[in-house]
Each structure stands twice: as structure tokens, then as C-alpha cells.
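Labels run A, B, C, D, E and F following the written order; every chain starts at residue 1.
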Amino acid sequence: MRPSGRALDQLREVRITRHYTKHAEGSVLVEFGDTKVICTASVETSVPPFLRGKGQGWVTAEYGMLPRSTGSRMIREAAKGKQQGRTVEISRLIGRSLRAAVDLKALGENTIAIDCDVIQADGGTRTAAITGACVALVDAMSWLKKNGKVKGEPLKQMIAAVSVGIYKGESVLDLDYLEDSDAETDMNVIMTANGGFVEVQGTAEGNTFTRDELNAMLALAEKGINELSQKQIDALNS
Amino acid sequence: MRPSGRALDQLREVRITRHYTKHAEGSVLVEFGDTKVICTASVETSVPPFLRGKGQGWVTAEYGMLPRSTGSRMIREAAKGKQQGRTVEISRLIGRSLRAAVDLKALGENTIAIDCDVIQADGGTRTAAITGACVALVDAMSWLKKNGKVKGEPLKQMIAAVSVGIYKGESVLDLDYLEDSDAETDMNVIMTANGGFVEVQGTAEGNTFTRDELNAMLALAEKGINELSQKQIDALNS
Amino acid sequence: MRPSGRALDQLREVRITRHYTKHAEGSVLVEFGDTKVICTASVETSVPPFLRGKGQGWVTAEYGMLPRSTGSRMIREAAKGKQQGRTVEISRLIGRSLRAAVDLKALGENTIAIDCDVIQADGGTRTAAITGACVALVDAMSWLKKNGKVKGEPLKQMIAAVSVGIYKGESVLDLDYLEDSDAETDMNVIMTANGGFVEVQGTAEGNTFTRDELNAMLALAEKGINELSQKQIDALNS
Amino acid sequence: MRPSGRALDQLREVRITRHYTKHAEGSVLVEFGDTKVICTASVETSVPPFLRGKGQGWVTAEYGMLPRSTGSRMIREAAKGKQQGRTVEISRLIGRSLRAAVDLKALGENTIAIDCDVIQADGGTRTAAITGACVALVDAMSWLKKNGKVKGEPLKQMIAAVSVGIYKGESVLDLDYLEDSDAETDMNVIMTANGGFVEVQGTAEGNTFTRDELNAMLALAEKGINELSQKQIDALNS
Amino acid sequence: MRPSGRALDQLREVRITRHYTKHAEGSVLVEFGDTKVICTASVETSVPPFLRGKGQGWVTAEYGMLPRSTGSRMIREAAKGKQQGRTVEISRLIGRSLRAAVDLKALGENTIAIDCDVIQADGGTRTAAITGACVALVDAMSWLKKNGKVKGEPLKQMIAAVSVGIYKGESVLDLDYLEDSDAETDMNVIMTANGGFVEVQGTAEGNTFTRDELNAMLALAEKGINELSQKQIDALNS
Amino acid sequence: MRPSGRALDQLREVRITRHYTKHAEGSVLVEFGDTKVICTASVETSVPPFLRGKGQGWVTAEYGMLPRSTGSRMIREAAKGKQQGRTVEISRLIGRSLRAAVDLKALGENTIAIDCDVIQADGGTRTAAITGACVALVDAMSWLKKNGKVKGEPLKQMIAAVSVGIYKGESVLDLDYLEDSDAETDMNVIMTANGGFVEVQGTAEGNTFTRDELNAMLALAEKGINELSQKQIDALNS
């Protein structure tokens, strides 16, 4: 029933490639099927002004799409001089979620700047970005520890993200673009590896959704997060 | 246990004042306790370029805060030349939610522009804004009908919004600023008067939240929405 | 002869409501008939960079209109990323005028930031704003004195503002929107309570004006300022 | 008593050079002593969108200062991406004043764009700009008539502008920078050649000013405008 | 003598991968050693306003760097709201150069928008971008022909680009970052496959350069362009 | 054969007027025929943040055109809030070139800010700007030495700039606007007084150019630079 032929509770093929570019302390190419995002984590050994002298660190994130990562070319935000509302909203979501993975006190007065740049989009770019960025974040924290800039363990817990939705009346996991543009409800779920909720954002696109539908979607999301968490661990162990 | 002395499932005093300013087709002052938002609905008898000739209307929304609506003065976004990410995110949420209330085909080639301006903030400004704006929207649609610009009924269903959260380990309804700044989890729930979900946005601030906590918060939200829907109806009938 | 039926030298009904919002050190709702402006005065216990270490304070002001404070909706300046020339011009006028009310040396290294936000416009928004803001300014200075942040008396003199003009060949006081859009000459006069001129801005809209007309307008302005000054004193004493 | 040794009612040496640059339909270098402004009037045979089809023309103006036209270098507004409030205010004043010189109906659907660029500043740049721009405007209107683009006479009346002020307790005419930075009151007066007032803007810088002082300044301004009008006529006849 | 151990006239390893992303009509990953740039060519079947109705097409280009494509993270231009001068300059260079490859009349009223996004930088990003973009451009023109949107042959000639410079007193070909940051002279040369010059930009960084040095650099550039042209042909034939 | 009747290797009449405006430490009006540029050099006794404490100075440059310096009025960049790409590119070229004239160590922690403002354009504005700015720069450095702010000699060498091109198949020197808009190749050459190359930028506009044509253009440029260097020396000696 799904355009891709996948089962309702089946993720797309997920690939997480570490050390994708050479300069960043953490650099990951994450692929959820045809959705491809470069996630880098850059260490800065200072904190933004509002945190100076407070003995804690910060994690910030920015999201962007290459102009032709999509079916029709989008305007280049840097040339226009303004980010779209959607871009701002996703950047904030990524940063907020990843901060849930980190013990900011243990991070000390260091900042990790996450950049998620979509080079090819096919639905679910924000969930792929968060899932990949968490791996880049872990690599950046390892770099900090190896270089003696952090003493304790700044990683509190791994997080991963997946989309679920109601498509043609059925709850489905990890929507691709064809499903996403036609879904009745779209929900992004961000969870820790051990099952805690970090963020839940569900939006009715046409009709409203019921409590039962919400529960069915959350069950799918939990299954997807389990599998994504394992992919993250595999990548970090390789 | 709550700073305000309210019961866990108790809304703040809610007041909805219609015809608050004289120029707009719909103009509402909505108060959730000390949170006060002016919501206006302005009719434009045209649609944005991307909808021209498609025989449907549009609803758009913008949100702002007066610089000293908060405890310490914020920079004026117009003077800075840039809206904060939070402002953009809330504007998008309001517009998306209110479009769920409207049959855009029945609206014809008209646009209703919603402006929500916070004159005093004490937590829950976005949920107050959506709840008040929906009343202003109804007034604007009545104006369209009365003036013969719309033939059918563009109102699909009333919507309302409320915040819920986990505060000191308890699920609470309609958080004020003191609770909001200290909550472990904060969730905004937007529903129709007859119980359908339009949008659910839950965010863990410190710890993650569990499925049980999510359910408890949703139950509180449903109760709150019921009461807010009644307030909206009372205001429209007065 | 006036659309409102007022005498040529008659002000609109003026109301000055103090403590209008709860966060600001000074907060006033000023109404000149249907023109309604929220004026807040926010204390910052520091000065802009160009004044640091000079042992004096500063007063700054910003003006804005809610998008639907007017008959047809204006673009939201924050969303456009740019203030209109008119907005900039009025903000500068308000700040310059209010500085004439203050002994900046006695204010010490404190800044008072004035925000004037028009929630409903019916002509004369800048003069209403100045008249109301001066009351908010006095409240903010009282706060500074009560909290021991200022020792001497930073208030030099109260100021008030009123518009005068030539409408259908007659000099009239305090023009409303209908008169303003049809006036031959429009003049804004800002004076101290004891009759000194702070600013005079007269503009011929269609025909030029003569010295006699200028004198007639100034006489009306003096009468209006007298009455407005009394309204300010009454508000401060209430 | 004046730093320049001038009499209280004495203008600086005024020079008006027409055809200063070769491309513009009107191009004037105006000098009020050491203040030098290039004023060009550019004809566009169309009108802004808000005037299309109304059978009338428009006059618009922009003002700028070269970064090192002043004693210390100012930031280049084009590089900063934002005009200062003062720039915006003066641009609006110049445009408004010059429109008083023109019969917009007789101008037809043509726009004259005035650019006033200060290449050397020594006080009174806005009054010099208006005085010079009016001559450039007349040349542009002559061009329109000569090229058959305008049939009637779009020139209603010549205007000129001069500053007056209270300096060391005395009313003085045409303040230079040394006087301007030390004046108690500063007033810009724009009048027609036959004595009508177009705009009066008087600002108390330290102390307020009295009705008598206002009258004394206006008398000086009238004398100055008379002389400037003659200079304009001489330039146009040469 | 070169940090990389290359011969003075030796290019880095060059790889050109077509069909790199799936949405664009032309999509190439070009690698000059560790410098990696994604070049996409997007077809739009219209032209910019200044060309409408002139029966010709257009080629435009934009360049960007991912924030962490470099050794230390750069600010994200989209977030800052402004492109750096260097970005603007390179975008203009790429567009101008590629237009030399195209018969704009034969292209008809179509636009090809080139996007060059650097995902990893190690010197020579602009020359790699031009070399890769030309291949993407050819693919986009093939798409236009195959889809019947262009009848004739819009490709005039292939172009390629390479950097040359004076490094430690020697002329070298295709500088990497270590050489580039230490070079005395840096020159970018853009040529057609058959040896015509499209653009030559040579800049002395410390000392000036002589006519002989210029000639030596141009000879190296010709050799490099020959090899790059062959790489382009090989890629197009694969 | 040239529209101006000049010989192929003939410069336009060049005039360099020092002390053109009174405030700047160096102020030059440079004229290449009808191209007229005001070049000022402003001394700031500090350096940009990235150079603080490094014991060296800086030279920066900005370029602008008055809106009606050209045949049709251009938009004012300050009003638009954005500089054109061409403006940015030329500003960078001027700054880079002039830094080649200066021993930044000998300059000490001082900055010289160059402003080149075109008041009338007829082709070759950037080369005129560089040639004039170098004279203003020398005057500013003399000011620094005379005022004891610099001890050694910060002037390394004078530089000058000229354009050359292929026009109707012939190499020509110092193209005016008529030639420039019709040239097959356009090249800007910046050299030191003793014949070293600082920057060479050659661009094919329609056809590509050959090595022989490049050589012919460079020979013309050398002749032109010789003459311009002499004009600079004459101006500095006058």
C-alpha cells in the first residue's frame, strides 16, 4: 500500500557514515533512503555571552537545504538574506533536542555547534538530521575528552528521531516525500535510546486526529527509534 | 502546590472581549489570567500569489510581543530588523492551527490575516492567542457573509488551545510564567471543540517524559479545551 | 463644522490610565478620543556605549503601530525587517522631546526606554504618545528614586504635545483622522507645562500657510497644552 | 560674536552651479559656505504603483552623506545595510518640501527623483540640499517640457530653505557646524519665494524657547529666504 | 618541494561524479584532491525579467560553503542574513565564465541556475566549482534537448578552470590550501577546451609579479586545463 | 576608429586634484575624461579586531556610485539595504590593491579607510578610483608621519590602474563607456610605478581571447601605467 512497497512499520534503509568530511570534530553523512544530510559537530572552546562564567557549555544547531536538494529549486537563503520560517523552526528543534542528550555542566565552558545540511531531500529531513547529528555530537565529545578539554562524561543519553503519520487511513513509520505530501497527519517523535520522550510534534494536515490514532503512531515511533538507536550504536562501534 | 494556588486541573480566569478595537473585522482581547493578547482578524479580498485563480482562500497569522510585555524589556523586533526564531515558530503555529478551523474553498478568494500582539505576558501566550484569534476569525467570517463576499459557511469547526506540563512531578493545566519557567515538560495542545487533535507539541525541558505522563497531560488538555470552547461560545453569543 | 461636532478649540476626551500593564516601571494607556496608545517606560541601570563613564543617563524611545490599529491593515514592520520612514521619524521625535523633560545628569548612569505602541489610531498618535509617555516616564523616575538608584530629582519639567492645523480654512485643535487627512496644514507642538516650546513642526499639506495662521495655531496649541498638562497632573495625583 | 565673524542676519556665501554632472536632467552643486551638496533631478516617465492611472506625477527624494564628508568618518550606510534615522528623516523632509513646489497634476504620469549627496558638511546640509534641489527640479521640468513630455507648467512656485537658531542667546541666520553644535535652539524653515511657509521645524536643544524667540527666528528666516530665492533666480537665468 | 609532494606542474587527483544527487537536471560532485564541491544545474523554463521577450536564455550561478567545510567553522551566511564579499565575487565569476560556454540564443527562453556548494575545502574551490559546473551544465542542456525544450545546440564550448601561483619562488599548478595560504601570487585561469582565455585573475599577495612569472603561470595553466578538459570529456562519456 | 577619436594607446585626459574636500586626511578628485571619482583616505588610530595587538596596520576600501552618476538612475544601495555584487567586488579589489602599496608593519596599529565615490561615470571607474586613491593614501600617510603617529615609512610603492581591452578587433587603452559596453575583452591592470604587477583581471565578454591578444593588452597597460604614475607624482609635487 505504501508507494515504496514498505511494510507499515518498516523504516527506509538507514546508513550512518562517520568521518564524512575531514575538518569537523564530528562529521556524519546520514541517509534515510534517498534523504541525505551532512551533519557536522564543531567544537568551540568558549560559550555564548549569556552563559559566560556560569561553568556550563552549550549546544547549538543550524539547518539548511542545498537549493536543489528538492524537486524544484528553492531560493538560496543566504542570497535572499533571510531564512524561511521552516528553516528557523527546524534549527530550533534540532538544537533543543540535542541539548537533551548532553550534560551541559559536564561539558564545561565549551560549545558544540551542529550543522545539518540537506544535500538530497525525500521526506523526513529533520528526523534524519537529528539522528545523524547525535552521532556527530558523540564524536565531538570524544574529541573533547581525548584532548583533555572535558574531564567528566558530557553524554547523558543518545537520542534519535523518526516521523510517523496517518497515510491513507493507516499509521505508517518513516514517511518519504510521496507519503508526506499526502498524509492526513504528520508527527515527529524524538526519543532517548531507553524510551523517554524528548519531543513530540503532531500536526493534522487535513482532518484532525484522534487519541487512538495518536497512540498507534507513538507505538510505531517507539519501534522505529529502537532500530535507529541500534544503527547509531553500530556506527559508533565500527 | 501551584504558585497561584490553583487546582492541578484548573484554568486561570479566562476573559474574551470582542470588538476590542474598532477598525478590524474581528478584534478580540483574550486574557488567560495576567496574559493578555490582542487578536485581530483582517479581511483582504484577495489571495497570495501562490493561490491566485485556484478558487480558494487563505488564513495567515503573525505574532508579536510588545517590548515590555515581559519582566525585562526585549529588543523591538521591528527596530532590530529581524524576528526571533521563537516569534517565527509561533506565527507559523497559529496560522497552521487556524487553517484547520476553516473550509478554504468555502472562503473563496479571500484572505484573513490574523495578528496576535501580546500586551502582557505571564505564560501561555501562544495558547491564549490561538483561543482568542479563533473568535476574531469567526467575527471576520461573519463580516464576509454579512457583506455578501462569501456565500457558504467557511467555518468548519472552532479550535482552542491550552498548555499542559509536568511541574514538580505533577501534571498541571494552563501553566503561568512561574510554572512554565520551572516545568520539566511543557506541552501545547490544540483541539477542535468536538475533541479532535489539531496539533500536539510536547517538549522535555530537563528530564524526558513517559507515555503515562503524556497521557495524563492529554487528559488535562481535553478538560481545559472543553472549558475554553464554552468560553468562546459564550463570547460569540454575548 | 468639525466632523466630530467639537468646538474649534476643543480637545477630544483625554484619558490617562496609569499602571496599565504590570511589568514596566511606568505603564500608561493614553487615549485622545479613539486614538489609544500604550506607553511604557522601562528602567535599565546602564547607559548606551557612547555615554559610558560620563556620569549621566539617557532616555530613548521607540514607536510602533499594531498592524490593524488603522482602517486598512499595514504590513508588520518586524516581519518585513524594516521600519517605515514615518516610524523612525516619530521615534526620534518622541525621544528628543522626552529628553527635554529630564535632567540627564541627575538621572545618573541609568537609561529609561520608552515604548509607544498604538493599538487604535484615529489621528494624533504621536502627540498622544508623547503626552502619555511623559507620565510613564515620571512613574519610572519615581521607581528609581524609591529604589535608591537615583538621589536627586531627574524630572526637570513635564511636557505634553498636541496637534493643531488648518481645516477648511479654520484653525483647529487636536485633529482626528477625518480632519487630519483633509487638513491644509498640520502642526505638532510640544511644550512644557509652564509654556516653553520644546518642538514645533508645521507642514503645509496643500497650500502654504501664513505667519498669521501660524500664530493662530500656536495660540490654540498653548490652550491645548494647558489642559493636557492638567490631565497629566490629575493622573499622577490619582 | 559668531565664529565666522558674520553678522547675526548674514548668510554664508551661497553658490549654485547648474549642469554640474552630465547625465542628470537637472544637476546642481549647491554651496552654503563649506557645506557642499550635489543635487540631481532624474526624470522617470512613470509613477510609483500607488499612483498608476491617476493622471498625476510624483516627486521623491533621497539624501546621503559621503562617509568622510564630516570631521570623523561615518559608517557607509550602503555597507551597513541600513540608513540612519536622521537620513530617513531628512529624505522625507526634502521630498515633502519639493512636492509643495510642483503641480503634480500638471506633471502628468512622470516621476522626478531627487538625490542630494553631501560631499562636504559644515552645518545646514538639509537646507542647502532643498535650496539646490529646487533648482535641479526646475531644470528637470524644463527638460520634460522641451521634450514634449509635459504640456502645462508643473512648477507652482520656487521654494528655498534656511536654518535659524538661538546661539549664545542671540538669534542667528544660517548656522554653520560650530554654531549648530552649540545652539540652544535650531530651526529649519522652508518657504516659497513669495513668503508662504512650507515647513517649520524648531527644536529646543537644551532650554526651551519662547514665543518671542520663535518670532525673532522667523523674521531672520524670511530675510534669508528672500536672498536665497534671488540666488536661485540668478542661477536659473545664467 | 610542495607540501603534497606533487611535481610543480602536477594536478591533484581529479574526480568528476555525475548524477550525484537525484533531483537536478545536472548534478556533479567534483573533487580536486580534498576539495569537494557539489555542482547542480537546474533548468527553469523562463528567463529573468530583464530578458523577457528577447528570445534568449540565461545562465546564473551561486556559490556557498558549508559552515564546517573549512578548518574552523565559518558563520552560516543564511543565518547572518548576508553573504560575504568573497562569496558574491566567486558567484559572479562562476556565472560569467559559464555564460561563455553557452550560446544564449540557442538556449531559448530558458534559464540554467548553477549551484556550487563546497562540502570540503582544501584550496581551489572556485576552479573546481567551475570545472564541475560545466559538466552539470552540459547534462542540463542535454535534458533540455531530450525534452524538446531546445532545438539547436546551446553548448558553444566546454570550459575548465585551474589555479596557478608562485609558491616559494616557483610556479606551481593547482594550489592546495597549504600552498595557497603561503603563495606570493595566486592566479585563477579559465579557458576553453581549445585554448581560448575566458578569464584571467592574478593577484600579488605579498610581492608583485613580473611579466615572466605571469607567462610561466599561464603556461602551467594551459597544461592543467588540457588535462581537466580530458577529465570532463571522460566523465561525459562514461 | 575610437568613438572619442583617441589613438589606440592614448589615455583620456587625466586630472588629479588634491585637498578636494576639507575634512579627510587625504582627499582627491580624480578624473579620467568624464569619469570623476572622489577618493578620500581617513585615518583611524586603531585596527580591526582581527589585527589587535599584532603591531601592524590595515588599509580598507569602499566604493560607491551616486545614483545618478550614470546614464539612467540606479537604485540607492543605502536605501535598498544591500550593495550590488559589482560594488562589493570593486571594493575588495581597491582594498587589496592598495594594501600592496603599504608596509603594514611600518603603518603601526593604524587603519586607513579609503572611500571612492563616483560622482560621474564614463567607463573605467575602478581604475580611476585606484589611481586617485593611491594619491589620497600617500597624503594620509604624510599626515600620520607629520603628526608623529608613524615613525618609519609606510609607503612601499605607488600603484596605479588602467583598463585595456579588445574593441572592434584592436587593443585599446583606457576604455570609455562607449567602448566598454561594446568591447570583446575587458582587462583591468594594476601595477606599481616600477613595473610590477599587482593585479590582472581579464574577462572575455563575447569571444575568448588569445595569448597574443593578452600580450598586446599588457603592453598597452604598461604604457598607460607609466603615464599615470607620472600624473600621480606631478600631483604630489604640486
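As a working rule, contacts are C-beta pairs under 8 Å (C-beta built on N, C-alpha and C of every residue); 3 or more make two chains touch, one makes a residue touch a chain.
Since the structure is predicted, the reported quantities are computational estimates derived from the model, not experimental observations.
Trainee: In this assembly, which chains make contact with chain C and also with chain D?
Mentor: Per touch definition, common to chain C and chain D: zero chains.
Trainee: Looking at A-E and A-B, which one has the bigger number of contacting C-beta pairs?
Mentor: A-E
Trainee: Looking at C-alpha means, what's the farthest chain from chain B?
Mentor: The most distant chain relative to chain B turns out to be F.
Trainee: Given that chain B is a copy of chain F, what angle of rotation, in degrees and a multiple of 5, matches their CA positions?
Mentor: 180
Trainee: Which pair in A-E, B-C or E-F has the same interface as C-D, with over half of the contact pairs matching by residue number?
Mentor: Interface equivalent to C-D, from the options A-E, B-C or E-F: E-F.
Trainee: In whole angstrom, how far does the Cα centroid of chain D sit from the Cα centroid of chain F?
Mentor: 33
Trainee: Just curious, how far off is chain F from chain A if you go by their C-alpha centres, in Å?
Mentor: Each chain's C-alpha centroid was found; their separation is 50 Å.
Trainee: Identify all positions of chain D at which a residue touches two or more other chains, and write them in rising order.
Mentor: Residues 81-82.
Trainee: Beginning the circuit at chain C and going via chain D, which chains come one after another?
Mentor: If we begin at chain C and move next to chain D, the sequence is C, D, F, E, A, B.
Trainee: Give the list of chain D residues in touch with chain F in this complex.
Mentor: Chain D residues touching chain F: 21-24, 27, 34, 36, 38, 40, 42, 44, 62, 64, 66-73, 76-79, 81-83, 87, 113, 115, 117, 119-121.
Trainee: Residues of chain A touching chain B in their complex?
Mentor: Against chain B, chain A makes touches at 85-86, 88-89, 91-92, 96, 100, 187, 191-192, 196-204, 207-211, 214, 218.
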